[in-house]
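Below, chain A partners chain B and then partners chain C, in two separate complexes.
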Partner chain A sequence: MHEFRVQVGPAAFRIGSRWRQPVEQLAALYADYPKPEIPDFTVRLDAPSLLRRFLRKSVAINGDFMLPDAVPLPFGQALLAAEMGMNLQMALGWRRHLLLHASAVEREGRALIMTGASGSGKSTLSALLGQRGWRFMGDEFVLLDLDSGAATPFPRMISLKNEAIAAMQVAAPAARFGPLMTATPKGDIMHMVPPVAAITRMAESAQPALLLFPSFGHLPAVREVAPGENFMRMTQASTNYVALGEAGFRAMTRFVKSVPARAIDYQTGDEAIALVERLWERLV
Partner chain B sequence: MIGDAMVLVAALRDPATTRALDAHGWTALIAMARAEQLIGTLAHRLSAEPVPTQVSEILDDARSNAEHQKRSALWEADCATRALADYDGKVVLLKGTAYVAAGLRAGEGRHIGDLDILVAREDLPVVEAFLLEKGGWEWVKEDAYDDAYYRDHMHELPPLIHKDRDRMIDVHHTILPLTAGPRPDAWGLLGASVKPSPLQGGGLGEGESTASVGQLDSPPSQPSPQKRGGLYILSPTDMAIHCAAHLIADGDLAGGLRNLWDMHCLLTEFSTTDSDYFATLQQRATHHQLWPAVHRAARLAHELYGTDIPKEWQGWYRQDKWFIRRLTARDGWGRPTRKFTRLIFYVRSHWLRMPPAMLARHLFTKWRKAKDKI
Partner chain C sequence: MVAPTKYYIAEPADQLWVEPLDAITLIYQRRSGITHMVVEPVPEILTAMGVDAVTAAALVAKLSDQFDLGTDEDAEAVVTARLEELAELGLVHRTQCDA
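Our next item is the complex of A and B:
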């Protein structure tokens, strides 16, 4: 097993790989992150069979927490396999925070949280805002403290998909990018190293101040989301709400009661950023 | 590199052994405990031990998760009770759900997956109909061969899954496949079953430990009707016998370290409250044709977890070391090891389950179906 370790926000990972190359790619992308001594989670990139170790190599995503019918990925998508493995550990194993499937950025100690289905643009928006004066906190999970309600960053590699890849290469010419992976189950994917501040300040949490449900592809519009609807949508967007029991319920009700929520439609990144800034000005 | 899961066995047996672990050792121990679904149990065992900060956070997560599993398991049992409210036979909880319902030590931190219940065989159609029509459960897979196989040869119905809650229920009518060698007395299991004590953590009430065939449920300590009033658990002897049957006489020892920990806890707890426990257990196991399985499980528990068992039960059998090799076949990455030993036990599990001619027919049908799919 080739081994790689990384600390992302409060979570520590150990990634083992049957092959050297994925570990080297991870080490290059995560070069600025701390290396933990005792990991919270183990992810394994195994060969599905002895044959697939050498011929038409493919990667099975295993680890502490696994999905029974996960399909192996081609070897060229090993970085995506590692990302999916890390996400899975968090989604199924993390109990120290209420976990929201969302992206987040911070300004002046307050957090803007964005959630939505895949393709809504929450990841791209957080990456764009991270280039425009906001501190990037994460593009996959937001971790809400069960007692204080503060949002803790989880700034792993930004996972750019399809059109967002070219857009970010223009918006952040100085950033470091991983290899382009084409025709993955999620389309084309390229990883981007978050801005330095996102990594050096990853232990700094921020109080949630605004929640947005972005939706890409419609004329610009803003709609208020009432706490009731917000609650229903956020319980769907949380992977450990049920498992946390009463603590999860308390954290979730506090969140939807105290944080204003809006659904926004947009067609371009600039449009979205203008909307975000306007809402932030007005509501925060 | 740590060679096998003996480090996990040692930590469960004597939590103080973890004081010698370095970061590398802890990493391996945690990965192994998760892979063997023993992390909650380990967390419980280590709750009074000084451990590194990162480890204590991981163990806190595991305890919180075990609490959630216990809550969900009891909730599933509640749901089954409601679906079966009009069924007048006994519904006996088995395995993990039974342990937490009775507040037994075996349930502390235990991973609980499916809900397992035992009912009278002739009532299966009624129970099945209630679960499907009133409970909201449905068949996991519609496959005529598998369905017929379960109904003709197995000790349980084909698994049902709840359409909203995504949880499985296994409805048993005995504790071993009908095609296996031993024929446990299923009627006796039901007859001797008892109501779980309503005191969480209090174990079973007194006077319930003699489990002769046909004994009726014990009258004291009736839980209120809302609280699993219609539910029963196996008598203390039958519970250990079922645990041993599941571990030794059925299956390929996957999850064996956990099942053996159950055995350790059951034997320890029951023999503490009942001085005749071991003698009654041997008698009862013989009655169920499962004494060899119980004897072996007790010996293995004694060897690995240090379970206190009678002198006459101790001793060493040649094959025991193979069981131990299989039980501890796990490396510091949480990967299964010892492929050959695992294969032998896999083959053995089929051998135990059915006579050779039937096995050949079964494998041929499975092979033909797999071929048709491609």
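Our next item is the complex of A and C:
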């Protein structure tokens, strides 16, 4: 097994791989990240069978926490397999924070959190804002401190999908990108290394100040989301709310009661950023 | 034979964390770890029940000060229906003993 270690925010990962290439790709993309001594989680990229180690190679995602019916990915998508494996460990195993499936950026010590279904644009928006004066905190998980309610960054590789790939190559020409993976279960995917401040400041948390539910592909509009609806949506967006019990309830109710929430519709990245800046100015 | 009068007793208050948000009130039940999302008049029913076993009719008498519940018969049917739902959720418990 080849091995790679990386610290992303508060979580430390060890990734073992049957093959050298995925580990080399990960090491190149995560070159600026700390390397932990003691991992919280282990992910293993292995062949689903002896035959698939060599012939039509494919990658099964194993680890401390696994989905029993996960389908192996083609070998060319090993980076995606590593990303999925790391996400799975967090989603199923992390208990130190209330975990929200959301992206986040920070300005002046306060966090803007964005959540929504796949394709809503939460990941792309966080990456775009990260190029426009905001500190990128993460595009997949936001970790809320159970006592203080502060958002802790989880700035893993930004996972760009489909049209967002070309858009970010234009918006961030100096950024480092991984290989293009085509025809994955989520379409085309390319990883992008977050801006350097996202990595050097990944231990700095920020108090949530605004929550947005972006929705791509509609005429620009803003709608207030009341705390009750917000609670319903956020419990669906949290993978460990139930497991945390009363601590999760306390953290979630504080979050929905204290953070203003808006649903925003938009058709272009520039439109979304203008909306975000306007709402931030007005509500924060 | 006359059916015995049904009494209901609320889950002890220290087992419930009640958090009003807007139209929705959240009730976190410590014993089960389940979060319930309820609307009026459920929080009011639980508050009015207090710590004693009560009948639907007695609850109607308490609640009619706060709410326009219509005729006594309608009100009792509505409150009984809510109490039965709450019993299914484990937020109140059915008892047939006089308290």
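Note that the second predicted complex is superposed on the first by the 284 of 284 C-alpha atoms of A that agree within 3 Å, B and C clash if a C-alpha of one lies under 4 Å from a C-alpha of the other, contacts with A are read in each partner's own complex, and residues count from 1 in each chain.
The rule we apply is simple: a residue touches a chain if its C-beta (ideal position, glycine included) is under 8 Å from a C-beta of that chain, and two chains touch if they have at least 3 such contacts.
Computed from a predicted structure; not experimentally measured.
Novice: Could you say whether A:Arg14 touches chain B, chain C, both of them, or neither, answering first, second, both or neither?
Specialist: After superposing on A, A:Arg14 lies in contact with chain B but is clear of chain C.
Novice: Between chain B and chain C, whom does A:Thr42 touch in the aligned arrangement: first, second, both, or neither?
Specialist: first
Novice: In the overlaid three-chain picture, which partner chain does A:Pro179 touch, first (chain B) or second (chain C), both, or neither?
Specialist: In the superposed model, A:Pro179 contacts neither chain B nor chain C.
Novice: Applying the touch criterion given at the start, work out whether A:Gly187 contacts chain B, chain C, both or neither, answering first, second, both or neither.
Specialist: A:Gly187: touches no partner chain.
Novice: What is the contact status of A:Lys257 with respect to chain B (first) and chain C (second): first, second, both, or neither?
Specialist: A:Lys257 contacts chain C only, not chain B.
Novice: As a test of reading the superposition: which chain, chain B or chain C, is in touch with more residues of chain A?
Specialist: The partner making contact with more of chain A's residues is B.
Novice: Identify the partner contact of A:Gly245: answer first if only chain B is touched, second if only chain C is, both if each is, neither if none is.
Specialist: Both partners.
Novice: Enumerate the residues of chain A that count as touching chain B in its complex and touching chain C in the other.
Specialist: 242, 245
Novice: Flag every residue of chain A that touches chain C in the complex, lowest number first.
Specialist: 226-228, 231-232, 235, 242, 245-246, 249, 253, 256-257
Novice: Under the definition above, what is the set of chain A residues touching chain B in their complex?
Specialist: The contact residues of chain A facing chain B are 1, 12, 14, 16, 36-40, 42, 44, 46, 62-65, 93-96, 242-245.
Novice: Which chain C residues qualify as touching chain A in the complex?
Specialist: By the definition above, chain C touches chain A via 17, 19, 21-24, 26, 28, 30, 33, 35, 37.
Novice: State the interface residues of chain B toward chain A in the complex, per the touch definition above.
Specialist: Per the touch definition, chain B meets chain A at residues 23, 26-27, 30-31, 34-35, 52, 54-55, 57-58, 60-61, 64-65, 67-68, 71, 333-335.
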